[in-house]
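Going by the order they are written in, the chains are A, B, C and D; count residues from 1 in each one.
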Amino acid sequence: MEHPVPTDYLRWIVLLPLLGAATNGLLGAGLQKKLGKWMISLLACAPVVISFLLSLKAFFDLLGLKPEERFLLDRVYAWLSLGTLNADVAFWVDPLSAVMILVVTGIGGLIHIYSMGYMHEDRSYWRYFAFLNLFTFAMLLLVTADNLLLMFIGWEGVGLCSYALIGFWYQDHVNARAGNKAFIVNRVGDFGFILGIFLIFWSLNQQGHGTVTFREMQRFVPLLEGQEMWGIGVATLATLLLFIGATGKSAQIPLHVWLPDAMQGPTPVSALIHAATMVTAGVYMIARLHFLFSLAPVTLAIVATIGALTALFAATIALTQNDIKRVLAYSTISQLGYMFLGAGVAAYGAAVFHLMTHAFFKACLFLGSGSIIHALGGEQDMRKMGGLRGHMPYTFWTFAIAVLAIAGTPLTAGFFSKDEILWQAFSSEHGSALLWGLGVVVAGLTAFYMFRQFFLVFFGECRADSHTRAHLHESPKVMTMPLVVLAAGSVVAGWIGLPAAFGGSLFAGWLEPVFGPHQEAHGSAGLEISLMLLSVAVAALGFYLAYLVYFRRTLAPERFSSLAGGLPYRLSYNKYYVDEIYQFVFVEGSLLLARIGAWFDLHIIDFVVDGSAKLTAFVSWLNGLFDDYVVDGIVNQVADSTFAAGDKFRKIQTGNINSYLYVILGAVVITMIIKLRYWS
Amino acid sequence: MTDHVLTYMTFFPLAGMGVVLLLPRERHDLIRWVSALFTLPPLLLAVWLYGHFDPTKPGLQFIEKFRWIPDYNIAYFVGVDGLSISMVLLTALLCFLCIFASWGIDKAVKGYFALFLLLDTGMMGVFVALDFFLFYIFWELMLLPMYFLIGIWGGPRREYAAIKFFLYTLLGSVLMLLAILALYFSSEPYTFDMTVLIAQNTKYGTAALPFWPFDRLGWGFQHVVWMALFIGFAIKIPAFPFHTWLPDAHVEAPTAISVILAGVLLKMGTYGIMRINFPMLPAATAELAYYFLAVLGAWNIIYGALCAMAQTDFKKLVAYSSVSHMGYVMLGMASFTSQGINGAVLQMFNHGTITGMLFLMVGVIYDRAHHREVDGFGGLAAVMPVYTGVSALALFASMGLPGLSGFISEVLVLLGAWQKYPILTVLGASGVVLTAGYFLWTIQRVFLGPVNEKYKTLPEINGRELFTLVPLGIIVIILGVYPNAILDLLRSSLDELNRTVIPYLS
Amino acid sequence: MAIGLAHYLVVGAVLFGLGLFTVLTRRNAISILMGVELILNSANINYVAFSHYSTGNVDGQIYAIFVIMLAAAEAAIGLAIVLAIFQIFHTIDVEAAETLKD
Amino acid sequence: MQLSPVIFYLIAALTVGSAAMVAFSRNIVYSAFSLLGTFGGVAGIYVFLGADFVAGVQVLIYVGGILVLILFAVMLTHRIADVQITNRSVGRIPALVVIGIFIFLLIQSIRETPWAKAKEIVYAPTTTIIGEWFLERYLLPFELASVVLLAALIGAVVLARKETRE
């Protein structure tokens, strides 16, 4: 299709970070030694910043187009074309992916800059940035791909980079194992995802329109209605399979186990990958394929339920964790649950909106915690922190804003996006009061555990040892500036998505070309406002509890932990023992199967093979015996009698070649006599 | 020159063997360089062939044919189509690189390189031969040097491995010979010419044979011949339950021979099925493919992956991963869809390069540490960063990471197979997870973690070793990004192949 | 009586018998080799005779040529062995040079 | 009476007679020289059979090559003086008996077997066609023959060479 604007700059949005990764990955070690770390930083940060600028250009180019044809397509080359399968390397930017590339390059850029300070002491500085760039590339590929297969490259690529960055300090086995876990759990999800792709392609192919390209899929997907496989509607089955992929990437039940462990990586990585961008890929994917998910109400219900349950489940675990990053990790899972809740009630716009605001405040929280960990020399246990407010003013204030945002304080970004989701959960035709109720409970829990963390870290006595305390310092500018920007975003980003009751959402309008016209809410504006007030009240209750327990210390935490015999506390503290169960069932299970397989090879198949060889040997041994005793016995007998009878022929029986010749000759003669006598 | 390019490619190494035999036996370096010199022209010719092959035509190209033993209608008949040209490329490339991987051999150098060059000719011949008799000769020609290369230059249990390999493949050869003769005597006029046999493929009977067990199974002449050929090829693939020679042979064979075994020899099994079973016995193929290719393929994937997981010997692990990966080829070609069969052949090519890398990589570490116990290392990433990088590339490619070549072929195979056998595809795809599991576990145990004090001073990978690994690595990346480089060659030939079988599918 | 196939075959047969006799009775290695040559010649006569009378093509003649070739090779090798033995044992009596057996 | 049978019988007699000399002579030098008669006679028989090329080959290789070789061997291994002692033969009587029976049986079967007959018996030169066939139908054996000869050549050199002690 002809475009009024040239589009071939789109490829550079994606490819520049790849170039950065390639130069740093191949030449980084040498460059770092010869020219110093600034060269690495330049090579790594410049591409991301340029990508961000190009993304802005793409955004404005889109603005310049009529809403109904708002997309840019940059087709690079034909990648796979076999039979009816046609997948190009092509980059596609529509309003949805425009949001994503802005988030990825924007927040990604900030985190790159932050990392320059955070990772400054590390020997493998170049390796870190190579992977960070590679990650940015993969994520951009994921969000700009114009077909499912290309998207899958990004999908797995981010998994790979996540693996490499979680295990960045690979000399410690714990880190390496955490990386493995992340990759394998993601692989399980990817397994579902790829099967989903197959199913979609195959069933569209049945209709004569085999395709994996999003735009064509959108056109032909209605054909799938009524098609069945294994007694389930194809659309339902395909979306369920894709959703397995989403649970893997976005850490939803039951594949959430990798994300808390992923905190073993450097903190900026946690911020970029495990909070702001990669984990939202599942949400993006559902939004991208909204036309397909909308065909499958069953899947939507499952998505919403899983989302709500994950939100609750992760929030309850976050209540009791002591590791500063683990609390944030569970809070991420919980927030992702919100997004899935939104997507599950077909409020894709709200889900993407929350994705964006969450990216701001969660990145801010993680980078803030990174700043704290940096200041404390690597300490991550909140029980050994406290009273940091005075030492780290920038970190304190930005962290405070982000906590307010995530807790859903009115007028912050989190408030608008979360309430949009809750309202949709209540009012949408796919929603219900129960889902809404769960969401509100989680809002209260979120407020509690976030303020618990906030108070534990910044207020009260400093519980760190004296040596660490002496070295307390605010982080350098290069780290605090991104925090300030992100904190500002945590407030401002929400204002583009005001609820309908307050004048309507710019953001929803922007996404309208993708998701279709905004759904008419079933409830009135009054109902929306009162529900909003209710959730704010619940969040305030959470805040108040945290305030009492951890700030005023008028309520002892033990009052909660000893509740019902301490069982809920222990369950939460031990993450409901999910890791242990998985370890036992899946890891040990597959190892057991593996050993059985190897045993079978060694003892059954090889037994048969070696056995047949031995059997052959045995038979030939028997044969030998037969020869020795029976055949030779007869022959010897004959020979002996010949010997005894014909002493005169002794001379020719010399045992040399002559005797054999005679025997042969004799045999021939006898044969010929017989032949001539009887057969002619 | 250009008229006989295939002949030159095939017999250049043989000439090299002659030259090597004439060299004085203590001039090791001279022998090595001469061997390299004689494997280079086939590689260059293969590249030339790649450039001049017309991928739009489905038929055979670069045909050479003349009567050889006219009394029995045996001809010297060679040519390539899309299926074989990819294998010819792979063979030429791997043989050239493996000469350099063999640099470290210092026991009876002359014999080693002479046999290696003979092996090269045998392999090349198998892929270009279009006369059944010629095909069989090359097939056997390749077996012999392989036996000696494993049996003389192998590890501690080399005799056992070599004999096991020999017996297994000999069993396969015998069955194949019977099948070849059966086809010969049912052709009219008697001929070994594959193209003629294919043209007559409707003549071979499908009516059930009147004796047990074929009457029970409803098998006709076609089916019996198909099975005989299949077992012969399945041993090479190696398909369960004929696969146990592979781990032993791999573990005992020297590095370069492992590479050749995995990279080229295994392909002959699947190549043979596609070259012979598919077009010559289409009815039987259509009936039996499900049981013996698809089911067995999916089983191979899972079983190989599980066995690999249980191994502690690095080389054995890679060997079992080959079993697993060849399962994809079987599954893909059994689907009779464009994606499946193209993916299968692409997987053959990719497996050749990727597993080649893996074995070379194991060889590098074995040369330094003199053992291959996965648990015996640890933290090598800090000691040998470049080596770790290259190994990671190979391991991730083998895991089917998108962007690398293994992914493309696995996805194509599974996408193709899904259209026929969704359940098997689900099983096969779960192999992807298992593969990730055992390879990541391996990476963790070998490369990550604290540095093992014993290996603190291991030297980094050297230039020669890099020279063998890097070209393969580049191919792995290029094919991941631009798979059409190979797919373009395959497409029309393989679609044509599909068309011969599809009418018989019920 | 016209000369026919049978005549040649009889010549061949007699020649064969004489060759066999030589091989059987001689103890001198060179003589034994001579006997072998006689046997090969008799076979060749048969080949060429059959070629001429029975098949009418030159297959038999070609086989005969191959036999001659092999005879030449055999003679060369055989006599070389004889010479080698002679150098070691100073006799070429096959019974005297039996140590090879042990 | 035609001439050719006479010549045939003469040649056959020469062949058989000199073969008998080979078999029975007590002097190895006589045996060796008698071989000349046999080989020449056989060549004559070939001529009778219209196999001109084979006859030529027979003369060239047998008479010119093998016979000379044998003579050399005889000369190299014996002093001419004590030939009788070294060319002993044993067990003549039983051998003669058995072989006599054998030849008798052979001749019997030659007479009784209904031999296949060619459509026409031609006496055309065969050299051309033999040459062609060697390069077509019999290419592989032909090439093999050269390998065999080469191997024999090298083998003979290796065997007959004097062992030099270092």
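The rule we apply is simple: a residue touches a chain if its C-beta (ideal position, glycine included) is under 8 Å from a C-beta of that chain, and two chains touch if they have at least 3 such contacts.
What you see is a predicted model; the values in this text were computed from it and never measured.
Trainee: By the contact definition above, name the pair with the higher C-beta contact count: B-D or A-B.
Mentor: It is A-B, judged by the count of C-beta pairs in contact.
Trainee: Which chain is in the middle, if each chain's centre is the mean of its C-alpha atoms?
Mentor: B
Trainee: Using the average of all C-alpha atoms in each chain as its centre, how far is it in Å between chain B and chain C?
Mentor: 51
Trainee: Rounded to a whole Å, what is the gap between the Cα centroids of chain A and chain B?
Mentor: Centres of chain A and chain B (C-alpha means) sit 34 Å apart.
Trainee: I'd like to verify one number: the distance from the centre of chain A to the centre of chain C, where each centre is the average of its C-alpha atoms, in whole angstrom.
Mentor: 84
Trainee: Considering chain C alone, which of its residues make contact with at least two other chains?
Mentor: 20, 24
Trainee: List, in ascending order, every residue of chain B touching at least 2 other chains.
Mentor: In chain B, no residue touches at least two other chains, as defined above.
Trainee: Please list all residues of chain A that touch 2 or more other chains.
Mentor: 658, 662, 665, in rising order.
Trainee: What are all the touching pairs of chains?
Mentor: A-B, A-C, A-D, B-D, C-D
Trainee: Which bits of chain D are touching chain B when the two form their complex?
Mentor: Going by the criterion above, the answer is residues 136-137, 139-140.
Trainee: Quick check: in the complex, which residue numbers of chain B touch chain A?
Mentor: Those residues of chain B that touch chain A are 164, 167-168, 241, 243-245, 247, 303, 306-311, 337-339, 342-343, 379, 381-382, 385, 389, 396, 401-403, 407-408, 411-412, 414-415, 418-419, 422, 425-426, 429-430, 432-434, 436-438, 440-441, 443-444, 447-451, 481-484, 487, 491, 495.
Trainee: In their shared complex, at which residues does chain C touch chain D?
Mentor: It is residues 1-3, 5-11, 13-22, 24-28, 30-31, 33-35, 37-38, 41, 44-45, 48-56, 58, 61-62, 64-66, 68-77, 79-84, 86-87, 91-93 of chain C that touch chain D.
Trainee: If you look only at chain D, which of its residues touch chain C in the complex?
Mentor: Contacts found on chain D: 4-5, 8, 12, 15-16, 19-20, 22-23, 28, 31-32, 35, 38-39, 42, 45-46, 48-51, 53-54, 57-58, 61-62, 65-66, 69-70, 72-74, 76-77, 86-92, 95-96, 99-100, 102-103, 106-107, 110-111, 115-122, 126, 129-130, 133-134, 138, 141, 145, 148-149, 151-153, 155-157, 159-160, 162-163.
Trainee: Can you tell me which positions in chain B touch chain D when the two form their complex?
Mentor: Where chain B meets chain D, its residues are 67-71.
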